[in-house]
Amino acid sequence: MSDIPEEASGIVKKFLYVNRKAPHGTIYALESLEVVLIGAAFEQDVSLAFLDDGVFQLVKGQDTADIGVKNFSPTYRALGDFEVTKLYVEKESLAERGLSKDDLMEIMYEDEDDDWEEKPSIKLVNRTELAAVMAGQDVILSF
Amino acid sequence: MSDIPEEASGIVKKFLYVNRKAPHGTIYALESLEVVLIGAAFEQDVSLAFLDDGVFQLVKGQDTADIGVKNFSPTYRALGDFEVTKLYVEKESLAERGLSKDDLMEIMYEDEDDDWEEKPSIKLVNRTELAAVMAGQDVILSF
Amino acid sequence: MKFGIVVNEGPYTHQAADTAYQFTKAVLEKGHEVYRVFFYHDGVNVGTRMTVPPQDERHIQRNWSELGEKYKLDMVVCIAAAQRRGIMDENEAKRQGLDGDNIAPGFRISGLGQLIEAGIQADRLVTFGD
Amino acid sequence: MKFGIVVNEGPYTHQAADTAYQFTKAVLEKGHEVYRVFFYHDGVNVGTRMTVPPQDERHIQRNWSELGEKYKLDMVVCIAAAQRRGIMDENEAKRQGLDGDNIAPGFRISGLGQLIEAGIQADRLVTFGD
Amino acid sequence: MSILHTVNKSPFEKQTLNSCIAHALDGDAILMVEDGVYGAIDGTAAATQLAANKNISIYALGPDLNARGLGEAKLVSGLTIVDYNGFVDLAVEHDKTQSWL
Amino acid sequence: MSILHTVNKSPFEKQTLNSCIAHALDGDAILMVEDGVYGAIDGTAAATQLAANKNISIYALGPDLNARGLGEAKLVSGLTIVDYNGFVDLAVEHDKTQSWL
């Protein structure tokens, strides 16, 4: 039962967090985000995929005051500060739900390899491209 | 702590238990059946509806030994002993799932008003007929 | 009008326990009566006093306990469902030989008959679940 | 080969906790290694010692505790998920000012980092949930 | 003997709304709550289904719409938005409630 | 980099199997477990979808089929039935596992 600290392990894997569920109706979106934030400290190669009802997690203007539940949606906009900068959003999932890119939050990060230029974290991909993203991973965590 | 009402209230309501979920994958079918069994002591006018994936609850030949889970399906056959004799099964739900009446357990009851003749508890109904059954109830419990 | 409320999912995982709370609160504030709140399936998990959610999140059990106290609600946790999920009051824990209990203030453990009775006695039975 | 196992649903309500158990047992009996079993979301509810299922049903917590003891498994309950759902060990209960704890033998409470670490260290990570 | 039907599942994930519509009768009402309110988005397959049922009143819970960022501009026409008090009123006005879980 | 996909939801209730099939690539495998095994019934809309994907291997967990009373005569052709040991072997043979929850 080795307890190697992550910096000593030297292993860098490609981690994909797959988000397929809507926010608020269930806790999976929120608790998935908590994994992503903690996971950021491990310096792995992290991507997030949003497909099916998971695209609803990124809809802008969420206001949970009247259901008495915490609004965690602003946290997605802070992901760049945790060096989580690859958010793949599936076009087909958006279209089936009557959504377009304009319905989503603007999520940016500062690219340290490009003079800290602000760049969008959301990458719109089609189903075929997303399948390729999935195929290229080492570890897939589904929520 | 007794499940038997302290005194007969005299009220007889039409209770419908709506079963829309498959057995074993979740506990809803089993715990719904537990309500039906306890409820039988209250001498209400009880019906059960099986539609959508709920029709899978009545499939014959279920053998749960290898998943290590209790096989509660034989209990449906004992419902007649509890005077629960109206099991409405939706034809459209069966057909969509590649099932016919022959795939279902035989569930019988003895009709005390007809010289204890054995009669089938399962009544196949179409969607329109089932909607009418629902409309005619006083209390609907969904699982 | 007299309402019965059925809560079929546990705290935080599904919104059902929250919606049921908001609905029950509205029922009471509008002057209706709540005959009973019955917690079934994972809903029994609402009734543990051991939850400690983050400071900036709602405390679902405490919300229910406070609503129950304010309006003298009869909040019943199903015994069969509770035994499967580890919700115990002092009597049950003793009977089962356990070293402690975890039921929250205002909740009581009883049988499924209490659900049927709510269906008989209430004018409307409203179910919240998954 | 080294496996990591993630269990995301609680006992009895979803089959996930059973399937995860059968899978983990098969992994071990085939001679593979299990780096860690991580209980997240409602999966933390598997780790309460207060469940008393009917005599004729399987005892999910006990199954896991026994498997854990036999193979010296590292069975970790996520602390954040556990706090929302009322699963406590002695230390956590003390820290939170609670009057008792409910964690089952063989389970320990720790952080989400243990899940990431399992993803890094294991050759295969397999998730069971709803 | 009219029914208030509640639907709390996304129609893009589950068949629940379809099944509810198929079993609702004239004079009944359908109230979308929790993730069920995603069924109120205009221009989707679910919206087409809703529109085909003229004699069933369609409601959605405002607090759940707001939580999910669904402003009125995005919603199907003919929908009535209610709050928790309105939910209670609907339960009173109809003879019984059926939750499509 | 092939994937073992697991699906544990009934295709008659949820969109999960559809989505999985739409994202699986040649050489991947799909294993139906728990209520997912209902996707193996022949002559349904789900079965038609499965059959259209020739280069993906389809498996179903035998213990879950038995629990649900689904004998081999009722199942789609070209399906391989495995037990928990077979599930472990599939996880070993593929580079990673994706659970469609």
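Going by the order they are written in, the chains are A, B, C, D, E and F; count residues from 1 in each one.
To be clear about the criterion, a contact is a pair of C-beta atoms (placed from the backbone, for glycine too) under 8 Å apart; a residue touches a chain by one contact, two chains touch by 3 or more.
Since we're looking at a predicted model, the values are computed, not measured.
A.B. asks: Taking contact as defined at the start, I'd like the list of chains shared as neighbours by chain A and chain B.
C.D. replies: Expected: C, D, E, F.
A.B. asks: Same residues or different residues: which describes how chain C and chain D meet, taking over half shared numbers as same?
C.D. replies: Mostly same residues: over half of the interface numbers shared.
A.B. asks: Among the chains, which has its CA centre at the largest distance from chain D's?
C.D. replies: Farthest chain from chain D, going by C-alpha centroids: E.
A.B. asks: Across the interfaces B-F and B-D, which one involves more C-beta pairs in contact?
C.D. replies: B-F
A.B. asks: From the C-alpha centres, identify the chain that is farthest from chain A.
C.D. replies: Comparing chain centres, B lies farthest from chain A.
A.B. asks: Would you mind pulling out the distance in Å between where the CA atoms of chain A average out and where those of chain C do?
C.D. replies: 35
A.B. asks: Go ahead and note the Å separation of the Cα centroids belonging to chain A and chain D.
C.D. replies: Chain A and chain D have C-alpha centres separated by 26 Å.
A.B. asks: Nearest whole angstrom, what separates the Cα centre of chain C from the Cα centre of chain F?
C.D. replies: Inter-chain centre distance comes to 38 Å.
A.B. asks: For chain B versus chain E, what separation do you get between their C-alpha means, in angstrom?
C.D. replies: Going by mean C-alpha positions, chain B sits 27 Å from chain E.
A.B. asks: Identify all positions of chain D at which a residue touches two or more other chains, and write them in rising order.
C.D. replies: In chain D, 12-13, 15, 19, 22, 41, 57, 80, 84, 125, 127, 129-130 touch at least two other chains.
A.B. asks: Could you pull out the residues of chain F that touch at least 2 other chains?
C.D. replies: If we look for residues of chain F contacting two or more partner chains, we find 8, 12-13, 15, 34-35, 63, 83, 96-97, 99, 101.
A.B. asks: Can you pull out the residues of chain A that are in contact with at least two other chains?
C.D. replies: Residue numbers touching two or more other chains: 24-28, 52, 67, 69, 139-140, 142.
A.B. asks: Can you give me every chain pair that touches, using the contact definition above?
C.D. replies: A-C, A-D, A-E, A-F, B-C, B-D, B-E, B-F, C-D, C-E, D-F, E-F
A.B. asks: Hey, which residues of chain F end up touching chain B in the complex?
C.D. replies: 8-10, 12-13, 34-35, 38, 41-45, 47, 62-64, 66-71, 74, 83
A.B. asks: Given the complex with chain A, which residues does chain D contribute to the contact?
C.D. replies: Of all residues in chain D, those touching chain A are 6, 40-41, 72, 74, 80-81, 84, 111-113, 115-117, 119-121, 125, 127, 129.
A.B. asks: Along chain C, where are the residues that touch chain D in the complex?
C.D. replies: My answer: residues 10-13, 41-42, 45, 48-54, 57, 61, 80, 83-88, 93, 96, 98-102.
A.B. asks: Which part of chain D faces chain F closely enough to touch in the complex?
C.D. replies: Chain D residues touching chain F: 1, 3, 8, 15-16, 19, 22-23, 25-27, 29-30, 32, 124-130.
A.B. asks: Taking the complex as given, what residues does chain F use to touch chain D?
C.D. replies: Per the touch definition, chain F meets chain D at residues 6, 8, 33-35, 63, 83-85, 87-88, 91-92, 96-97, 99, 101.
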